[in-house]
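Below are two complexes that have chain A in common, paired first with chain B and then with chain C.
Let's turn to the complex of A and B:
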């Protein structure tokens, strides 16, 4: 039982990472039908950037996080304006290509800028090394911080999407682009804030998990792939689907490590997901789309 | 490349008048390709220190060539090609090290890599049947990811993390020297591969792939088996990439599973996007850009990602057709400067010219169209109890009628009466349609769209389902897909009967365009045409399929009545010529009364009236429901 809960807990933890990355991908996909291949690299960049402010510039931890997030958000506004907006009405492929280009560009920049050696993001009080126990199950203090922060992030995103005017505009765009335009919603505003929100969510994941994964030059690449899988699992158009998909994938992995043959453990979750998709190509948590109009 | 033997001596054929190049064996691109091949072949010893880099360019160019088919032509955005590269490489290594006792040497490695990766490609292509665009990218991405894990764990095949050495490099027992001799051999292999891919692109397979990329729905409606074609695109593309895998491991002399990661897949497709995905030359240019530039300028290596990324973003924003697109635009401008003409005049979309009329008779009397003349009437269509229900709406609610062979029938009714849905039920585009449909005794119900089309059901679309960036002439050729009787293997080697068949098809297409008064626009991309001409192209594509009955869905919508009438006259003239029936949905009552012998009026999913135009127009119900007083 103790072991079961321990596995469950580690699954939840990884699941949170995949859920946040998945959410970051779904946010953009849902409103703009764009797959952001640079999401992982951008998240990693934010993590490195926070480290750079905290360690190299010596400013306080929380302030470093804030500065990193704000600066990346501003950069995102700029990137969106220069590279995404001109192609906003082009086909799916053009913008995917742009994000692939951004991925290469930002990955290279972050190696040049941050050095590319493995580093660690120090947390005040070193709480990432401190554990406590409840009934034989070990918990790490930083993991608890991750859990709480993730809940806060999810709540804020949920609030923005469901309760604000911006969220309403985003949902309107997700539903029907042309109708939303006719109702006077400005596409550029929606696009730029969606991007910023998405990159911020990813960036927070990058920072939260930097102490867990350790900062390496491409430490967010694997989480990106997993977040991607989580988003597929959730159907790629449902925010809660993406989050649930992430948690499901995290648990699958945690239990695969324990119960699946060693050679299979790494690939098994992805294989399972692949077969799920063959049966339900549009994900587990979405309804089928209306058929094509001829 | 003279072409005289089949044209009528008395007058110029439609092709000659329009200046349409006759399909042959040798093209300008072949000469360019052989020239660059010879140049590289001869100058190779000068670049001794770069042989590995050149080897990689060739590998990337080969993969690029394979992607021109699957992605450039067929439009399947795949991120799974690292799998084929890995499979080809490890097959080659195992054979070269004689693990299987099949004998060693490239003469064994290449056919086996081609065959295995072809089958693997068919399997990897399976998801493309259910999903496209984003979801296909995701599915193939997942396959590439799982595939690499398989390579890691399948230790007998790949030696796991430690990797395999390439083994001896021999061809029919001859030892091939590393360095220049090996690169020369690769060059020859690539040259042959490109020739084959080029032939496939020029033939029916390439055309159907382009049709499928630009409109799957329309491709189905002209009788293209879209499902098989998609899988085939993956198969052929996979086979060629497998061949590139053989070259990959011999070039590197060693490879492990870590070489074939998802990032490689992405880089492969980016290479082609950078080069230009619509041309084989794009594959070469992209490969040189991605694999040689960093080699040439050593200092640049540190900024590789910035250069690739920057180039991608720049090209996507300013030249969606890649570097080749830039070069083509540049050459056109230079050509314009030399000829001292304004650029606009020589851009392809303004290339049309006035075409003198044929001196003797109408296009229908021209050689290949005259051969289609058919006094026997076809197109006996029966519809029994057709029903289509969307949620709670009965769009078509128990419609039955019978159309005699070779007649022109009109279907009218207010918007939402279920006219288009009825067409969709007959052609198979409406997935949940019930009812029994037969055409000339052939049962259509529950058959796939393309089978119904092959059975003689032609159609056009209300909201124009054309093949965007494809030439007008190719629309007619796409319609003629079923007339291309050659096999795909013959096509790959462009055997004489393939060329003969292509010539006939070109001739017939040109004459059909002539009849539809589209000949002068044959070289235009259909997107660049005005709406009225697009309508005609849609109809011409439908006629090209030589249907037994042609369903026209509002062919005249948005056209001035005079223009619409003129077009309908041409359509009906052609239909009578080939003995084909026509059913036309139209809101223009004047036009319907003019051309239709019989009119069916629909209202709320049911037939309201049915009879001669005259009787229907005077029917009180029809006047109340539709015509108004």
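Let's turn to the complex of A and C:
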């Protein structure tokens, strides 16, 4: 039982990572039908930036996080204004290509600015190295912080999307772009804030997991792929679906090692996801709308 | 329309997932190239007074290889200068340049200086192949020296072989490379992953004091043929009798916790890993997080100061079975190594297994080139390398003798451990 709970906890932790990246992707796709291939690199850049402020500039840890998030958010506003918005009504592939270009650009900026050596984002009190036990199950303090922070992030995003005017505008665009425009909602404003919100969520994931994965030039690329799969599992237009998809993927990976043959363990989650998507190509957590079913 | 888009996304997700599972650690983007300085100097030792007939006779006897002129020997190196292994590539490049500076500043070899063209491959085999083609077609090199990575070397070596150029002292562990019938110009100072695993296993089973309790030795190996060979190496050595609980990891893994939990469940006391220093740091951190109280063993790639910077005190006691001595060992070769690296512009952080391996290869290369003399071609250099006996690197490695069947020159195994925040040599294996 102890091992079961420990595996469950491990799966939740990784699931949270995939969920946050999945959420970051879904936010943009749901509103603007854009796949942001730079999401992982942007998230990683935010983690590096927080490290740079905290370690190289010596400012307090929480302030370093805040400064990194704010600066990346401001940069995102600029990027959106200069590269995405001019193409907003153009071909879907044009913007996808732009995001691929951004991925290359940010990756190169990152290696030139931060260097190729792996680094550790040290938490005050070194709590990433401190553990505690409950009933024989071992927990790490930083992992607990990740869990709580993720819930807070999800709650804030949920509030913004469901309870604010911006969220209403985002949902309106997700439902029907033309109708939203006719209602006087400015597409440029929605696009701007959706990108900022998405990159902030990804950036927070980059910071939260920097002490877990260590800062390397591409440390958020694999979580990006997994987050992408999580978003697909969730249907790619459902925010809660993206989160649940991430958790499901995390648990599949954790338990496959325990219950599948050694050589199969790594492949099993992929196979399961493959069959899920064959059976439900819309993902697990979306339903076809009435008019689409018709 | 939307339904089709979702189906497309679903397929994209599955393919990208599979691609990452099968792929290599290559995520960064741009290629960069740098070319080391190549000084021009020539000192012809041939006499101009010799008759034309004797020159022709000499030319017939002396076949000069590609990339070799009267004044220059052209070499290439494909290194990860960007991407997540960029640090290793940069460190190796410093060592290659240190060697070239030493040779060229000393007047070259047989009147020839060495020029080196370095190309970035991002640890991407496709780019390594493109670089190999560039070296052969555009630069016209005599050999490719000091490249990093098994998959990149395995991908490029058929081109080297076909062009008849040398593949010298790469940091590659794939067993298929160590076959001089297939790759007659391949020479290495770094044993295959299988041999390193056997060395660990034999040391553990025959010499290591594991205490009174019966140990359980598990490999934590990549899900790949290389990984399986390493696991087999542990089984085939003297620790094979204790083997149990071996686990695989995937290139696209974000965590090792499930594997470490399975090892904890199996009562594993010793974990043998084949990973880089950052992955090793994550494994050490996660072992602590899941409560796996076992010794952890690595290979050359983990012997860096970076590991200790990343996990601090948790690194204490970590072990590595290596083919080189620790950076803090008191051996004369290291003193010279440090001086030459500093002269090449390297900082303390650039001193690592990658730079030591490239530097040691440079020592062997220099000696073999001197032994060959003027009449330099691939066969002559191969013979000169094979003829070296107990070649000394000043204590960086065990005395070097090349095996004609495999091209491997370093049969030693040195055991290192983190003690008081430093890697120190605890046994010569």
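Keep in mind that, in the parts below, the second predicted complex is superposed on the first by the 288 of 294 C-alpha atoms of A that agree within 3 Å, B and C clash if a C-alpha of one lies under 4 Å from a C-alpha of the other, contacts with A are read in each partner's own complex, and residues count from 1 in each chain.
The criterion applied here is as follows: a contact is a pair of C-beta atoms (placed from the backbone, for glycine too) under 8 Å apart; a residue touches a chain by one contact, two chains touch by 3 or more.
Because the structure is a prediction, the values reported are computed rather than measured.
Engineer: Here chain A is shared; do chain B and chain C fit on it together or clash?
Structural biologist: Here chain B and chain C cannot both sit on chain A without a clash.
Engineer: Touch test for A:102: chain B only (first), chain C only (second), both, or neither?
Structural biologist: first
Engineer: Looking at A:260, would you say it contacts chain B, chain C, both, or neither? Reply first, second, both or neither.
Structural biologist: Neither partner.
Engineer: I'd like to know which partner A:83 touches here: chain B for first, chain C for second, both or neither.
Structural biologist: After superposing on A, A:83 lies in contact with chain B but is clear of chain C.
Engineer: Please indicate which partner A:6 is in contact with in the superposed arrangement: first for chain B, second for chain C, both, or neither.
Structural biologist: It touches chain C, and chain B stays clear.
Engineer: Comparing chain B against chain C, which has contacts with more of the residues in chain A?
Structural biologist: Of chain B and chain C, C contacts more residues of chain A.
Engineer: Touch check for A:120: first (chain B), second (chain C), both, or neither?
Structural biologist: After superposing on A, A:120 lies in contact with chain C but is clear of chain B.
Engineer: Which partner does A:214 reach: the first (chain B), the second (chain C), both, or neither?
Structural biologist: second
Engineer: Give one of first, second, both or neither to describe whether A:93 is in contact with chain B, with chain C, with both, or with none.
Structural biologist: Only chain B is touched by A:93; chain C is not.
Engineer: Can A:236 be said to touch chain B (first), chain C (second), both, or neither?
Structural biologist: After superposing on A, A:236 lies in contact with both chain B and chain C.
Engineer: Determine where on chain A the residues touched by chain B overlap those touched by chain C, and list them.
Structural biologist: The answer is residues 33, 35, 103-104, 107-108, 111, 225, 228-229, 232, 236, 263, 266-267, 270, 273-274, 277, 281-282, 292 of chain A.
Engineer: Okay, in this complex, where on chain A does chain B touch?
Structural biologist: Residues of chain A touching chain B: 29, 33, 35, 37, 83, 86-87, 90, 92-94, 96-98, 100-109, 111-112, 225, 228-229, 232, 236, 263-264, 266-267, 270-271, 273-274, 277-278, 281-282, 291-294.
Engineer: What does chain B use to touch chain A in their complex?
Structural biologist: 77, 127, 130-131, 133-135, 137-139, 141-143, 145-146, 149-150, 153, 217, 262, 266, 270, 273, 302-306, 308-313, 316-317, 320, 420, 424, 429-431, 461-463, 465
Engineer: Show which residues of chain A lie in contact with chain C when the two form their complex.
Structural biologist: Counting only chain A, the residues touching chain C are 3, 6-7, 10, 13-14, 17, 33, 35, 103-104, 107-108, 111, 115-120, 126, 128-129, 131, 133, 138, 140, 143, 212-214, 216-219, 221-223, 225-226, 228-229, 232, 235-236, 253-258, 262-263, 265-267, 270, 273-274, 277, 281-283, 288, 292.
Engineer: Quick check: in the complex, which residue numbers of chain C touch chain A?
Structural biologist: Going through chain C, the ones touching chain A are 2-3, 5-7, 9-14, 16-18, 20-21, 25, 27-30, 82-87, 89-90, 223, 246-250, 252-255, 257-259, 261-262, 264-265, 277-278, 281-282, 285, 288-291, 306, 309-314, 349.
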